[in-house]
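Encoded as structure tokens, here's the structure I'll be asking about.
Should a chain be cited, it is by its letter among A, B, C and D, assigned in written order, with residues numbered from 1 in that chain.
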Amino acid sequence: MLLLGCVALLLGWAGIGFAGLLRPRSVFFTGRILFPLGALLGLALAALGAASLAGGGIERLVLPLGLPGLPMHLRLDPLSSVFLVLLGASSGGISLFAGGYFRAGEGTAPGLLCLQYHLFLASMGWVLIADDAYSFLVAWELMALSSYFLVVTQHRIPEIRRAGFLYLLMAHVGAICLLLCFGVMQGGSWLFTFHAMRAAHLSPGWASAAFLLALVGFGAKAGLVPLHVWLPEAHPAAPSPVSALMSGVMLKTAVYGMLRVGLDLLGRPVWWWGLVPLILGLFTIFYGVLFAAVQTDMKRLLAYSSVENIGIVFTGIGLTIVFAGSGMRVVAALALLATLYHCLNHAFMKSLLFLGTGSVLHATGERNLGRLGGLIHRMPWVAWLTLIGTLAIAGLPPLNGFVSEWLLLQSFLFADHLPHAFVNLLIPMGMALVALGAALAGYVMVKFYGVIFLGQPREASLAHAHDCGWLERIGLAWLALGCLALGLAPLQVIGALGAVTRQLIGAVVPQASAHWWLLAPVPGRPVSYGPVVFLTATLAVVLLTALLVRLTYRQRVRRAPAWDCGFGALTPRMQDTAEGFGQPIRHLFQSFFDIERELPAPADRAPRYRIAIRERIWKLLYEPLSGAVERLANAAARVQQGRISVYLLYSFATLLVLLAVALLS
Amino acid sequence: MELLLLLTLPVAGAALLGLIGADRRAPEVNALLSLGTFLAACALTVRVIRHGDLLLGQEQFFIDPFNVFLVTLTAFVGLTTALFSRPYMRVELEHGRLTPGRLRLYHSMYQLFMFTMLLALTTNNMGLMWVAMEGATLSTVLLVTLYRTPGSLEAGWKYFILCGVGIAQALFGTILLYVAAGKVLGAQGMTALLWTHLDAVKTQLEPTVLALAFVFLLIGYGTKVGLVPLHSWLPDAHAEGPTPISAVLSGLLLNVALYAVVRSKVLVEGSLHSQLPSMMLMGFGLLSVVLASLLLWRQRDIKRLFAYSSIEHMGIATFAFGMGGAIANFAALLHMTVHSLTKSSIFFTAGHAAQKTGTQAMERIRGLITLSPTVGWGLMLGSLAILGVPPFGVFTSEFLILTTAMRTQPWAAPILLAALAVAFAAIFSKVQPMVFGETTGRRLAHPPALLPVFAHLAIVLLLGLYIPPYLAEWYRAAAHLIGGP
Amino acid sequence: MSVTDWITQVLEVVVALAAAPALLGWLNQCRAWLQNRRAPSLWLPYRNLRKLFHKEAVIAENASPLFRIAPYVVFGSMVLAAGIIPSMGTRLPLVVSADAIALVGLFAAARVFMTLAAMDVGTAFGTLGARREMMVGFLAEPALLMVIFVASLISSSTALPVITEHLASGHLGLSPGLAFSAVAFVLVLLAENARIPVDNPATHLELTMIHEAMVLEYSARHLALMEWAAQLKLFNYVCIGFALFLPWGVATGHIGPVGLLVAIPALAVKLAAAGAGLALIETVSAKMRVMRIPEFLGTAFLFAVLGLLVHVLLGA
Amino acid sequence: MTHLPLYQQLLDTCAALLLLLSFAMLSQRRVVTLVNLYAVQGAVLAAATLLLAWRTGEGHLYLSAALTLALKVAFLPWLLHRLIRRLEVYWDTEPLLNVSGTMLVGLVIVVFAFALAQPITLLASTATRSAVGIAVSVVLLAFLMMITRRKAMSQVIGFLSMENGVFFGAMSASYGMPMVVELGVALDVLVAVLVLGVFFFQIRERFESLDLHHLEALKEHD
């Protein structure tokens, strides 16, 4: 029943999309009617997902589509419901925002955008409920395709085209890997339903191959280093609501796939599988956050921070598999909880931030941090709502980012019970890296927020910046609310997620305390965290202080020019730039970056300082790769060199060789 | 009856257009004739569905699931191409690239070409099949050189010589078959070359001779399929001829040639009891995929680009036939279908693009989507389809082929993966800037004839999402017919 | 949760509020003696606070509301932290809802708000200070976390009181892992509280200052709150040190007045000793260049991780 | 050695002649002579066909002999001569591989061809089966000739003589093919040559010569 509802809603999304073609040029029709409608459907989808999660049951459905022997199988189980909730809830806010965001003259016509956007949504939903390899892959590629068209909305800009190309290429290669992975998993049964795959008994070698193929395929979509290169190109290129969707939701579909294959379809995982995503994930955390710290383009910065968060998620997946493979079910469930929780959090936080940058972009037409600043005065709504996202993603209590990190660290603390000695040595490193990553994320976010919204405007034009419209406000507010709710009611969320852990791990994390407000998930350990109390206590203290201060000393507050050590002539150019803020990181981790500097010469009339930072990965991996293909292509071209005699010689030689073969065999 | 119509209409058409081919209404006549052929094909199909296999004309003609859907496909693409060539050739005429005389040649040869292909598909006699294939070469070679440019002449010459030589090998192979069969069937004359009879006794045929025969046939027809390293003629012929001809060459002729190869493979495998033919097909297939995808990297000419992609896809289909087995054969047949539909539609749009921008050089074709949205989207979607992006049918076949390969021939899977990735990068990196970005070129008076394009793409899309049961039944029957390990 | 628990809770906070300035004063006195200067009065910090609270507050024209909220948030979180850290008793009702990780998060929150406030006015000093503060923070935070994790691996809990109780029960002496982390902790403490060799609280030389640079634009009560918060921070860190490494004297279990009678003097003694020790360290070491700070903290971080490794290797 | 009947000896002589002729073609560089050699080859082929027809009394063999005579001895040579006169292509330039080298390769190929023909000979029931090897070698030699020549004209002649080889193979292995097929083949050959004629003029009017190095522009390698 619920599944039917989901299908109906997804089809509804598609319908809305095509409705956009009715009046492709009308901003009002698409923006004020269709997009809000889509948002409503999103919320409905979230509700359905929540309902099925609460029920914890499994529904199946078979549609007479697809391959002749293989009709389209659909399935709604706790795992997919969680991600449906994620998709629906966050897309609700994003769609509302998008309704106000898309204007005419953005390159592609609004109607067409509406079509691509809603097809994107629908295909993501379809990925989540697909229950056979074929429909999964179709939806998967449809998702990539629609988002590609959204990315290249402003296709007149060469960089954007390049980004789109890179994106679609990586997506396609990843999809082929998944295809091969499914080819392995069908295990000779030639039934491509997930059901058959669960039943198939694979030899360890084949199973491992399938797992690694899946890791490559889904990692490429999720942005796992070193397969992440498309991400910092594509996310900034896309219109902000699309960046929000891609970063907040699409990456999570990859996580969904990873969980589905690694923990569900392949049966009980082998413990060492987990080490691969664990190590890659840890490296990704570090890599992503470092590059985020040195960015000067606000959307690139957020994109790299997405890479970091994906690293956290994959670390969680790795831990889960290691634990599950070693038979420590409850702890595995805990790690899985952390993973899922972080997915939910990131969906809300990152969408919120991307939408915030979108409003800034609209108001100022500026993406370069070096030309922003002081916007908290011009656009308070965006600034204050974005602040919540900033604090949340910096992992500060009592917001949601902290909860998932707390859970992750807690599950790390169990690792010393693992039966594998050298993993035990790996774990402390892991913990340290996670903690370091979290701290660095704080650094990045302070830079992000401080440079955009605080200080003095770095350009005169910023004085005309305007706050966002009401639809955008509602969208932003919704997402911010999500961050708060996830932060304050972890117990309820975790309770809901229990169905998933039961499904995948076969265990639930017990709730040690009786209080509704107290999160005490770790069995046998006096460990707890009560965000509500925490928040109330903080608020109480703060308000009390404020009150006391007001009561005791009623002095008036005088406004005056900034003191600045009495320096006087203070100009915006004296503020620290984004480059400057990233300088310590650049200095400390030089070896990570591929830096090219342009320093002013002595006695330079117009001294200019420019610094460009690229990823070494290009020089180390991708450029050699394309170079190799280039060389091969040139070699192959020698074959085709125009002379008919030579061509005849080919045929002749082939003939003789084959004849010889035929004779000898 | 239908068969008679199917075969006579094109011949009559060839004669008729040979007379009035330069006339103003000749294109319409051409289209009408093709329509008639198509209808006849449909009727034939219906009849086969109703009554099963057909043996006609003293067993000279044999219709079974394997060839009947190819017949329909051929007639259909023939029709759409005729529709497309109406405005296209008119524009060419106005640009002065053609004289009325050559237009006459074009029209009459077009019909003749259709005839030879249909004959090759429907005949039961391996000898006649050979004759028809040679006829196909001869009828198209003058079409390739239609523009009389140096390039087209060179292309035509290479096409003629290479295919001629190849086809001679095929003749020798046919003779060997005849010899081997004559031994068993005893009777001289007709029956010994009839495929049905050969198929009946294939297990008793002398293995070594049949192996040799297969090699000759493979070289012969494989040249026409465009299997590396026998492919050298293909890109030239596709790039230099007029676009409708490129479309039918790539969309139909290759299929027919592959059909011939598979027919012979069925016989040989029956007698050989060895992996030899399969291994040969797989080897050729992989080689074609790899080399084509590498050469795609360097293309500058839009039609040449897609010619190489045809080689690649024929390679995939050949590889699948080589793997054999129900699923792989099924997938290969499906792949032949969707490839011919998609590729011809791509050639249509490419032709329009070339006309609108006045060049086939890709770096001078830009921003089609602003120049003419339909052409732009047509090219974009067509390319995505041919690159195996769902929900288009090419993905369906590649899905089955790759999964099968992963299970049965794991060694080949990584090679295919790499080749497909390279091909994707190569084609898409060239198509994207052609479709998007700032535009070059001018609008033409003539509206593009995009009905064929989108008709094809619609069918491909349908096949990607839903394969009608009776079609699936055909494929299954055909796949079963082809058999394999 | 008995009444005494709540009393202890309140008492902890009150004591912290009261004693924090004194600790700073005591530290300065010791420094003065060690550098044989005439020592300032122990009560100087109190007088400063009082003076500041009485002044008229001046705020830059382009300061946003964030600038005015920040001091309260910073101060509030430090007070809350004082409530979480078991300085005298271990049965603290608040602790149930905020363990050590939350404590570190609390410090981080304070830091973030402080830096954002510093960037708000948009002066060169403010942003510079903010950047340096974050630079210190992103290494000090994980180091502190690691230090705590060693202890929590030993006592299999991340709640500070539990850790303290477990350590105070005295089954084990200072385990090797803890030894490493103790060193790390001292380094972190110096860095986090803007002491020499990382920062010089007594100077306004922009080349070196970190903490001072951030609060330059503040005046009067806002400044007072900031200063007080800083003193609380020092107090809290010292108390964390006690909780982890010198848990003796802290009243474990349910305590009545008697327990407190033991606990308060114990705390006072420990504080005095700690102040003297810090003063000694500050006197014997010299301020280092800013870009050396990451190395300094890197060492701290590595020591902490080493502590973890040692613990896992030798097994507690 | 058993004494072979007369017709058998004659047939073998024809076969030997054919092989000899293809070697001659391989070495010959005057285009006109090539055409003549081709004509002679056709004649020998026709003779062999006649012999077989007389021996086996197969009606269609007479017919195909007549066809051969008309097409390959009379018409095609005449046409080619005419073309040569019209296009003034009398000499082929130096072949890509010098004559002696070509000969050597040719010898190797003949050996290979006979090895190839072994199973076929065993299988075939005809009196002429021993000649199959020769047929194969004629085909392969013609192939070799096409590879080594630079002029379009001589390539065509190579193509035609290859077709001769195939025809001879058909005859010697199984007394020729079914009539339909033979007619079809003959038709194709005829059309092919006509098409080629047209071709030559087109090429000629473009490039003022039939030298193949004009036709090496379309390529990937640059």
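Operating definition for what follows: a contact is a pair of C-beta atoms (placed from the backbone, for glycine too) under 8 Å apart; a residue touches a chain by one contact, two chains touch by 3 or more.
Keep in mind that what you see is a predicted model, and the values were worked out from it rather than measured.
Considering the contact criterion stated above, the chains in touch with subunit A and with subunit B alike are D. Note on connectivity: the fewest steps through touching chains from subunit B to subunit C is 2. Among the remaining chains, the Cα-based centre furthest from that of subunit B is the centre of C. Comparing each chain's Cα centroid with the centroid of every protein Cα atom identifies chain A as the most central. The mean-CA centres of subunit A and subunit C are about 36 angstrom from one another, to the nearest whole unit.
The centroid of the Cα atoms in subunit C and the matching centroid in subunit D are 101 Å apart. Mean C-alpha position of subunit B lies 31 Å from that of subunit D. Once the centre of each chain is set as its mean CA position, subunit A and subunit D turn out to be 70 Å apart.
Taken residue by residue, subunit C touches two or more other chains at no position, since every residue touches fewer. The multi-chain contact residues of subunit D, meaning those touching 2 or more other chains, are 116, 119, 143, 146, 155, 215-218, 220.
Contact with two or more other chains is made by residues 157-158, 161, 165, 169, 208, 212, 235, 295, 298 of subunit B.
Every pair of chains in contact is given here: A-B, A-C, A-D, B-D.
Residues 60, 125, 127-128, 130-131, 134-135, 138, 141-142, 145, 148, 150-151, 153-158, 160-161, 164-165, 168-169, 171-172, 174-176, 178-180, 182-183, 188-190, 192-193, 206, 208-209, 212, 235-236, 239-240, 295, 298 of subunit B are the ones touching subunit D in the complex.
The touching residues of subunit A, counted against subunit C in their complex, run 373-374, 376-377, 387, 391, 394-397, 402, 405-406, 409-410, 413, 416, 424-425, 427-429, 431-432, 435-436, 438-440, 442-443, 445-447, 449-451, 454-456, 517-518, 525-534, 537-538, 541-542, 545-546, 549, 552-553, 555-565, 567, 570, 572, 574-576, 580-581, 583-584, 587-588. On subunit D, the positions that touch subunit A within their shared complex are 96, 112, 115-116, 119, 140, 143-144, 146-150, 155, 212, 215-222. Subunit A makes touch with subunit D in their complex at residues 636-645, 648-649, 651-652, 655-656, 659-660, 663. Those residues of subunit D lying in contact with subunit B across their complex are 58, 116, 119-120, 123-125, 136, 139, 143, 146, 152, 155, 159, 162-163, 166, 169-170, 173-175, 177-178, 180-181, 184-185, 187-188, 191-192, 195-196, 198-199, 202-203, 206-207, 214-218, 220.
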